[in-house]
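Two complexes come next, and they have one chain in common, chain A, joined by chain B in the first and chain C in the second.
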Partner chain A sequence: MSKARSDPLHKSDPIYALFFIIPSVFVIVLIAFWPLAQTFYNSLFKSALMFPQNKIFVGLSNYGALWQDPRFVNDLWNTVRFTGWSVSIETVLGILVALMLNKKFKLRGLVRAAVLVPWAIPTVVSSEMWRWMYNDNYGVINSILMSLHIIKQPIVFLAFPATAMPAIISVDVWKTTPFMILLILAGLQMIPDELYEAARIDGANAWQRFWSVTFPMIRPTIGIALIFRSLDAMRVFDIVFIMTKGAANTETLSVYNQWTLFTRGFITPYFGYGSAMSVMIFLIIGVLAIFYVRMMKIRLD
Partner chain B sequence: MKYKNLRKVIFYIGVIIVLLYFLFPFYWAVVSSIRPPEELFSSHPTLIPFHFDFESYVQVFTERPFALNILNSTIVAGSATLLCLVIGSIAAYAIARLKFAGKVGIMILILMVSMFPQVSILGALFQILRSFKLINTYPGLIIPYIALTLPLTVWTLQNFFRDMPHELEEAAYIDGSGKFNTFWRIVLPLAVPGLVATGLLTFIFSWNEFLFALTFEQLPNMYTVPVAISMFTGYYVVPWGQIMAASVIVTAPLVILVLIFQNRIISGMTVGAVKG
Partner chain C sequence: MKRSLILMVVLMAVLVISSFATVTIVMTAGAVGAELQVLQTQIKEFMQQNPGIKVVLMPMPNSTTDRYNLDVTYLSAQMPEPDVLFLDTIDPPAFADFLVNLKPYFTDQELAQFFQGAINNDTYNNRLVAIPWFVDAGILYYRADLLQKYGFQPPTTWDQLIQEAQVISQKEHIQGFVWQGAAYEGLTCDFMEFVHSYGGQILDDNGKVVSDTPQVKTALQTMYDMIYKYKISPVGVTTYQEEDSRHIFQNGDAVFMRNWPYCWPLLQATDSVVRGKVGVEVLPEGTGFPGVHHSATLGGWELAINKYSEHIPEAVKLLKFLTSPQQEAYKAINAGQAPSVLSVFNDPAVIKAVPLFKSLYDVFLNAEPRPKSPIYAQISQVIYDNVNAALTQQETVDQAIAKMTSQLKQLLGQ
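Showing the complex of A and B:
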């Protein structure tokens, strides 16, 4: 007790704390929680964005309509497909490149910088770069595939469901694998060398060392990277919007939601319906987040 | 010995593939931006351009308000970063060092926001900003960006403050310095590495953000860079040369930023995750 009194750092000072905390709380309530509550309120009405006075209370019926809407269900599936594929490919590639960068070699600094750049540029820009490379008439990918005689005719990659989604996934992989690489690399660098020494003395080969030393040590990092990445991938908007605008069965939830709110719901009474979709997306991602946090806690125990 | 050499060769082939994979799209954008149209629109483009033509760069600035778009992005991202650092650092300090009731609740509140799907608040936030007459204004983007980047900033900085030794602050208090003064004069200067790391991440996020910018800025003169580039594509024509030129223009400063602050950015990215 006496120590606490002589130590001003550990005195309770709610007034100061209040002053220090209030700006952050204010901005977050204003920009996140108020709109969230408002979105829920909007979802109870049939209304258009431009005519807020002509709204009709419909209760929760917009939510029922959501699950009757084949486009919503299909886009949910597209989003899950996108997330599953891109996050798994990114994880595997991320581990491989991180293992490479964990070695000392010439060009290592260059590779590390090169890896960081795709992550740093706007997603719009990376999507435009790849959209150009995938172009059917003038794209370099078609040109290379044709000069290697892999294909005879140029492929219109972004027009067919069979190729459009993989093309979109490839852009996401290119753009966000760097995040995985750098996170996993940070995890790798925390493994003490003694562990490898010990494994080597025990006669473990490289493969065994990976599975018995490296992988268990980086598993928590991979877990966290997976959580970040999959919550992020579930919200994907930019890549799809730029590459296809949702055509060729690539539409994801965010793209459909934005369109429903601001194009369809602008003057026709679909703004309320779009708001219900927003709430549903929030709930889906929220449940996923809680599930992940639970899973991690169990592992930490 | 031979076996070891072979392994080395395979390793370096891997390194080269990785480098090519991550760098080729940039190379291609640069090359495409300086090709004359007849070379750009060829079904078998050459890997190295034969002729150089900087017309696309001229067009970007003469046919469109792209200079204004760059200015918009700079103002929005710059202000969001500065304000986020000011607001976030004092909150982080309070969480790390001061005692008060409801601290855990506030941490949860702040961290929850980092999981918010942006689209979930898009419609209502538009209505709210419209009621404050903030659509098509800078604050209409700056304030949302502060909110979106605060969680990471507060989380990273409070980790940083926690790791700082108490002695300096204690000495300052004994000398009669107030809470705010101590924070401003003693603590903040020591936290510069952490501030730079989180500031860079905030800037990059705000510079790159698309969904809010697309929705809240609807006049071409107010577009930020990503929105402006997305609007280059018209109904009938896609000006690929201009799109690539604009992409190169906005990528260049980020590349320089990344090269200078590589280690800071990486530490900012990984600190939250690795520490858990």
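Showing the complex of A and C:
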């Protein structure tokens, strides 16, 4: 470090660096921080989108009101349920499939590409597709279950709380497991073969090799994948909005937030309340991110 | 001198060019059934008649709830486009402040030609904020061939419908009755029909909440029993919207269907399994209460002009073209949408193509509106959420009605 500093060639580095960073900082401020600040500002008022002139300053009371709102608390719980289940299933499946795809076999390239297909389909399209597959009259899932005589009557997956949330979680698992596979596979390929060789010489069996070599080596990758997926899952909107619109107790925070900002906040003075909800979702996700990063840092150190 | 001459020339050039240049109007449009195709043909004709105006169509999602959300986005952003908005009957009060008052652009004679219930619907605070484009009313579709086969008449009461549907669906191994039970606006329409048909009301004429009555409970209980007691409606009906129920009926998999008139041309299309086997009738009435009657929810779609539009005169031209008797007749014949201009109901070509407009004229005329309120979307959500919760056994019928009543009272400050 000290050598680089005395080197005249690198003297102007910080100035250049500043020069190069400014545009991206500017863009980030413009597209991320400015809307966030605006939303926070809106959340301090009682106002309707349609009557911006009738704003009443209410301080932070919208935030307190959120926790008195049973629908908000219920939807938070739904969102946590969705995130917990989908992310854990995706992680386990992701590790298993990535391990398989890391072995050498014929047509490996083709299989690796094929695995990515669900991830490549836009969520709106895949949600509509799954909605059809779950259909009670013409859906392929009921048709298979009926022809195998597993069920006598078609199951209306999206109508009841007992089946609707699992049905939605399955769609998310189907769609985003490839993302997990991709990240973990990249992690697996970074592990040098020598480590396995050494483990083999020490007489470690496959199970031991996984827990002592593979898993510690891909733990940081899994950590990053977990952050991405959890943060994504906490603000899930599209799948729920298309498949049930929040019926059958599947409403998540983002779906409620959308309704509050649009339907309710357009005419009645709930726009500030909806903005407070947006900020709260941001804070919840932020806390989660810090928690993950902290956990990772401890591991990395 | 020289400078002013140049200025003059430039000004002239601008004027000449701008008179040749075309004005572009953006219009939102529905895409249910055949309506988008029909509209495209109409727009083509309009552009041929008005070479200076170009119309760009912006297809909207099928669900009215999604359309509402999109309109909120456009209007609250105060964008000049879309210029022409396609609004549900329930939307004008909410959007009134963002729409052009059309009264100055239409003469009283012109307005007198329209269906007056719809004109009243589109007038808010003495401003005509939209113009009726087509009217809708919930009607009963039935399989005429199957009813004849088992010697039944089209049902006039819900009890009769249940009995006929039970017999036929068991013998034919098909569904009895499909309707719209998903948690969205369509369920509010269906529920209102049941409530009205039993002589009940959700809000009375003064806007007071009166939903906690035996009539309303019986209405909801009837819907519930159709699914779980009599099993004439599949459990899946609690996830169906209009198109889901039409697919089943058009595939020959149901005896009865509650839907809007747009289904008629599709059911009669050459690729339809039930072509020539379908009859239509007013929806059945309830029994056991004073004031039971046949009820149909007033639906329909309106055309309105965005207040921020930069081409209001051209947009008015388009509105007048689309609501002219010829164009309404064309739309009625090809898209099955009931005209908003009364004279078109007597057009022989229309009667021939869609006989139900003539036979069910009174149904359209007497269709019952939903509450007229700027917060209608929230009122409706309270209704459909609770009704759907009862239909999916998350709440009992009594619980759902009690919850609906207290939530409505809270929402309306009563």
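In this section, the second predicted complex is superposed on the first by the 278 of 301 C-alpha atoms of A that agree within 3 Å, B and C clash if a C-alpha of one lies under 4 Å from a C-alpha of the other, contacts with A are read in each partner's own complex, and residues count from 1 in each chain.
Just so it is clear, a contact is a pair of C-beta atoms (placed from the backbone, for glycine too) under 8 Å apart; a residue touches a chain by one contact, two chains touch by 3 or more.
Since the model is a prediction, treat every value here as computed from it, not as a measurement.
By the touch criterion stated above, A:I224 is placed in contact with chain B alone, chain C being left untouched.
In the superposition on chain A, contact of A:P161 is made with chain C only, not with chain B. Judged by the touch definition given at the top, the superposed model places A:A248 against chain C, while chain B stays out of reach. Of the two partner chains placed around the shared chain by superposition, neither chain B nor chain C is touched by A:W77. Once the two complexes are laid over each other on the shared chain, residue contacts for A:V279 go to chain B alone; chain C is not touched.
In the superposition on chain A, no contact is made by A:F57 with either chain B or chain C.
When the shared chain is aligned, chain B comes close enough to touch A:A114, but chain C does not. By the touch criterion defined above, A:N137 reaches both chain B and chain C.
Judged by the touch definition given at the top, the superposed model places A:L49 against both chain B and chain C. Common to the chain B and chain C interfaces on chain A are residues 49, 135, 137-138, 154, 258, 262.
Of all the residues in chain B, the ones that touch chain A in their complex are 11-12, 14-15, 18-19, 21-23, 25-26, 28-29, 32, 40-45, 87-88, 90-91, 93-95, 97-101, 106, 109-110, 112-113, 115-128, 143-144, 146-148, 150, 154, 166, 169-170, 173, 179-180, 204, 207-208, 210-211, 215, 225-227, 229-230, 240, 243-244, 247, 250-251, 254-255, 257-259, 262, 265-266, 269-270, 273-274, 276.
Against chain C, in their complex, chain A makes its touches with residues 49-50, 135-138, 153-154, 156, 158-161, 244-249, 258-259, 262-264, 266-268.
Within the complex, the chain A residues that touch chain B are 7-14, 16-21, 23-25, 27-28, 30-32, 34-36, 38-39, 42, 49, 52, 97, 100, 103, 105, 107, 110-118, 120-126, 128-130, 132-133, 135, 137-138, 140, 142-143, 146-147, 154, 174, 178-179, 182-183, 186-187, 190, 220-221, 224-225, 228, 231, 234-235, 237-238, 241-242, 253-254, 257-258, 261-262, 265, 271, 274-275, 278-279, 281-282, 285-286, 289, 300.
Those residues of chain C lying in contact with chain A across their complex are 65, 68-69, 72-73, 76, 94, 97-98, 175, 182-184, 234-236, 238-239, 244, 247-248, 253, 374-375, 377-378, 381, 385, 388, 392-394.
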